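These are the structures, in C-alpha cells.
Okay, so subunit A shows up in both of these, paired with subunit B first and subunit C after.
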Partner chain A sequence: MTLSMDNPMAVMNAFKSAMSQVRADPPWRDAARKHGDRWNPYSFEGGSTAAIAGEDFVVVGSDTRMSQFEVNVMFREAEKIHVLNDSIILTTSGFYGDVLQLKRVLESRLHKYRFDYRTDMTVDLCAEMLARNLYYKRFFPYYTGAILAGIDEKGRGAVFSYDPIGCIERLQYSASGAAEPMIIPFFDCQVGQVTVSKETEKPALTLERAISLVKDAFRVAAERETSTGDKIHLVVAAHGKPIHQEFLLLRED
Partner chain B sequence: MSIMSYNGGTVIAMAGKECVCVGSDLRIGEQMTTIATNQKKIYKVADKIYLGLGGFHSDTQTVLNTVQFRKSLYELRENRKIKPKVVATMVSNLLYQHRFGPYFTEPLVAGLDPITNEPYICGMDTIGCIAAPRDFVAVGTGQEYLLGVCEGFWRENMGPDELFEATSQALLSGLERDAASGWGAVVYTITKDRVNMKTIKARMD
Partner chain C sequence: MAAHQVAHRIAEENQRTLNPTCTGTSVVAVTFDGGVAIVADRVASYGKTARYKGVSRLYRLNSSTLIGFGGDHADFQFIQNLIYRRAHDYKAMCGDPDAELSPMAVHSYLTALLYYRRSRMNPLWNTLVVVGTQPDDEGVKKPFIGIVTLKGVAYHPKYVATGLGAMLIQQSLETEFRKHQATYGAETKLTKDEAVGLLRKAMELVYYHDCLAHSEYEIGVVTTEDAAVLPPEELVGNWAMAETNCNYE
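For the complex of A and B:
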C-alpha cells in the first residue's frame, strides 16, 4: 500500500501499527530469544516431600509452603499430602496445578474402582495405576515428583517413587521436590545406613525413629532451602490402625 | 554441562572447638569418564591452614600455584606466619582480579590461627565473595547433597574425634548420591598440635 500525505490519518495509523508490530517482535531478536519469551505451560511452586516405609508402617512428610520464583511466598498452608483412602497416601511436589489434577484423577479412578469392585484399592495396584496415568501424558507430562505411600496387601509399609513421566520404583525411603538433594543423603545415612561398615550395630527402624527422622529432615531442609518451610505435614499409617495426621511448625523465613 | 561440573569433585569443611576438619573425594573425571581416582582437592597452604578447591581442575591448579606464591611472598615480607583469614582474603582478591573472566573454581579455606588457634572456615564463589559461617561449608558438585547432612550432624563445640566423625559421615552420605564425586575420600583433622590425615573406606564408584 502506498501512502501519501494527502491522508494524514491513514499515515498515522500505518505508522502506529508498524510500531506496535516491531515492539512485539523486534527484528533483532534471535530465534532462541523468541522461543524463551513464549508462554510456558508449567510453573514451579517449590516445596518438598519425603516418605519412609517400615516393617508395618509408613511415615509421610511434606512442608506446606507454596512459593513462586523461590522468593515469593504465596501461601503457607498448601497441602501436598493427600490421603486417598485408608491405605493409600499420595504426596507430590512440583507444579501445584498438576499436583491437584493428578490427585483428582487418582481420586476419581479410586472412586470408580470402589464402585466396580465393592472394595478399596490396595496401594500396590494404585502404584501401577499412577505409573500408567503419568506415562499416558508422556509428551505433555504432569510436572510433579510423586511419591505414593501406604500399607500393602501383606500389611507392610510401602513407598513408591516416580519421575514426572511414570518411571516407578519401590523403595524403603524417598524424597522429592526442591530439597530432595538435601533429604535423600540424610536418609541414606540414617535409614539406609550406607555410610557405616557392615559389622557396626545399627539401630532398628521403629515408628518413633522414622517419625523423628522425617521431622529432622524437614528442619534441615527448611534451614537451607528457601522454598521449604512454614509447617511440616506429617501423616502416619500403620497396619490395622487409622491414618494419623498432624501439623508441626517450621521456620517461616 | 557447565564447566564447574566438568571434572567433578567435592570439598567440605567443618569447624569445632579449637579444631577444624576438611574432607574431599578423590575422583577426577572428564564429564562421565573417570580419569584418576587419587586426586585430593585439599592443599596445604601453611602449617595449620588448608585450601580446598572445587570446580574446573586446570583453574584450581593455577589458583593454587598463585596462592602459594603470594603466601610465601607475604610471609617473607611481613616476617610472620599467615593467618587463615588472610589466606582467604588473598584468594578472594586473586579471584576478584579476574572478575570478568573468572577462574572456574570455588575455593574453601579451613584452618587454625597460628597463634590463638581460633578455628576459621570459609567458602567462596568463583569471583571471590567470601562466606565465613561458624559451622560448615561445602563446595563442588556435591555441595547441595552435603549441606543437608551437615545441617543434621553439626553441633556446637565438637572435639576433634566427634568432628571427624561428623565430617566423614556427611561426606560419605554426599558421595553416595553425587555421581561426579567419589572413588574414596580423605579427611584432614586440624588441631592445635597436629594435623591428622585419614583415608576413608567409601564406595568405589
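For the complex of A and C:
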C-alpha cells in the first residue's frame, strides 16, 4: 500500500513503527558496539593459586589479595582456599561472586552426600562432581580457575585442574589465576623437572620441598604480578593427618 | 529486527537497571572496640547533578544492624522494602515480636539476592555495606562489616570505603589503622570516638576529591546496645587553597 496524506492514520502508524525500530536498533550501533554495550556480569578480582601433589601429601597455596579494576586493592584478607572436608580442598581464582556460589554449591552437595551415605565424599568423586557442575553452566560459566586438591582413596596426594567450563585433568602440580604463566614454568622446572638437563641433580619431592616451592612461587609472583600479594595462604594435607593451615606475609605494594 | 524483538529490546532497556539513574557515591565504615561506625553523605545525584538533597543513605534495620548503600537509589528502596518484609516475616517465623535479623543473616540474604539478579542479567545497581554487631558462638556481640557489590562479590573487612572512596581514602583508613596498631599493638582497636573522628576526616577527604560527594553527611553508630543514625552534619572544609590556585581559565 502506498502512503499518502489521503490516509493520515496509516502515515502516522508507519512513522511510529519506523521511529520505534530506529530507536531500538539505531543504524550507528554496529555489531561491535552492540556487543560492547552489553552489561558484563563478570568482574575480576585477580590473585593466584597453586597446588602440588606428592606421594602422600598435597600442598595448596594462594595469595589473599582481592583487587578491583586491576588497580585498586579492595581487601587484603580474602580467602581463596576453601577446605571442604578432611580430604578435599578447593582453591579458586577469577570472579569472586562465582567463587562464593561454587563453594556454596559444592558444600551443599557434600552435605547431602554425607547425609545419604554416612561418610565424607572422597576427592576422586568430588573432582568428577565439580567437573559436571562446571559443565552444567557451559553457556553461562562460573568464571573460576578452580583447582581441587586432596588425599585420594588410596592415600596419595591428588591435584585436579579445571578450566571454567569443566575440562578436568589430574596433574602432579597446577596453578591458576593472574600469575599462572609465571608459576607453571617454575613448577615445570622444579617439580616436573622437564626443563633441566639429564646431568642435573633431581631432588625428590618431599613435603618440606613442596612447601618451600609453593612459598617461593608466590614470593616470585608477588614481585612481578600486581594483583598477587599481601599474604600467602598455605594449606597442607597429608595422609592420616589433620589439615594444616597457615598464613605468611607477602609484599603489600 | 522484527516487531516483537523491537518490543523486547525496548522492554529490556526500560525494565532493567543497566545504567543507574539517581545514585549515591561513597560509603565509609570502620570497626571499633565494641561496635561499628558508618558514614555516607546525604545526596542522590542524577549524573553529575546533585538532584535530591537531604536523602538518607543509611537504613537502620534494627537495634544491631545498619545498612548503607552506594549506587542506584531506586534499586535501594526496592531492596529496603524486601529487607523490611524479610525482617517482618522473621518475627512471625520466630513467633517473637522482638526477634531481629542479625547483620550476618542480612548480609547473606543480600549476597544471594544480588548474585541472583546479576545472574539473571538484571542487576540491582548497589554496593551495600551491612554493619552491625554479630553474636558469636558464645553469644558475645562482635563488630561486623559485610560488603556486597552489584555482581555478588562479598567480603568482610575491618574497615572499608566503597565507590570512589575505595580509590581515594581506603589507603588513608589503612594507614590510620596501622599507625594505631604500631602505637598500641596489633590486637588493639579504635575507640568509638576515634572511629567517628576517623570517619569525619574520611568524609572531608571524599568531599575534596569526589565531585559527587556532598557537604551534608550523617554518621551511623552500632554498639552492642543499640544502632543509631546520628543527626546530619555539615562539612565546611578548608578552601584556602583556592586563593593560591591560579590555573583557572
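One rule holds in what follows: the second predicted complex is superposed on the first by the 217 of 253 C-alpha atoms of A that agree within 3 Å, B and C clash if a C-alpha of one lies under 4 Å from a C-alpha of the other, contacts with A are read in each partner's own complex, and residues count from 1 in each chain.
The definition used in the following text is that a contact is a pair of C-beta atoms (placed from the backbone, for glycine too) under 8 Å apart; a residue touches a chain by one contact, two chains touch by 3 or more.
Note that this is a predicted model, so its numbers are computed, not measured.
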Partner chain in contact with A:Glu223 - subunit B first, subunit C second, else both or neither: first
Touched partner set for A:Ala179, first subunit B, second subunit C, both or neither: first
A:Leu207 touches, of subunit B and subunit C: first, second, both or neither? neither
Partner chain(s) touched by A:Trp39 [first = subunit B, second = subunit C, both, neither]: second
Partner chain(s) touched by A:Cys189 [first = subunit B, second = subunit C, both, neither]: first
Between subunit B and subunit C, more extensive residue contact with subunit A: C
Touched partner set for A:Leu125, first subunit B, second subunit C, both or neither: neither
Contacts of A:Ile168 with subunit B and subunit C, given as first, second, both or neither: neither
List of subunit C residues in touch with subunit A within their complex: 1, 3, 5-6, 9-10, 13, 18, 111, 115, 118-119, 121, 123, 149, 151-155, 157, 166-167, 170
Contact footprint of subunit C on subunit A as seen in their complex: 17, 20-21, 23-25, 39, 41-43, 45, 66, 68, 71-75, 77-78, 95-97, 100-101, 140
Residues of subunit B touching subunit A in the complex: 144-149, 151-152, 169, 172-174, 176-177, 201, 203
Complex interface listing, subunit A residues touching subunit B: 179, 181-186, 188-190, 194-195, 197, 216-217, 220-221, 223-224
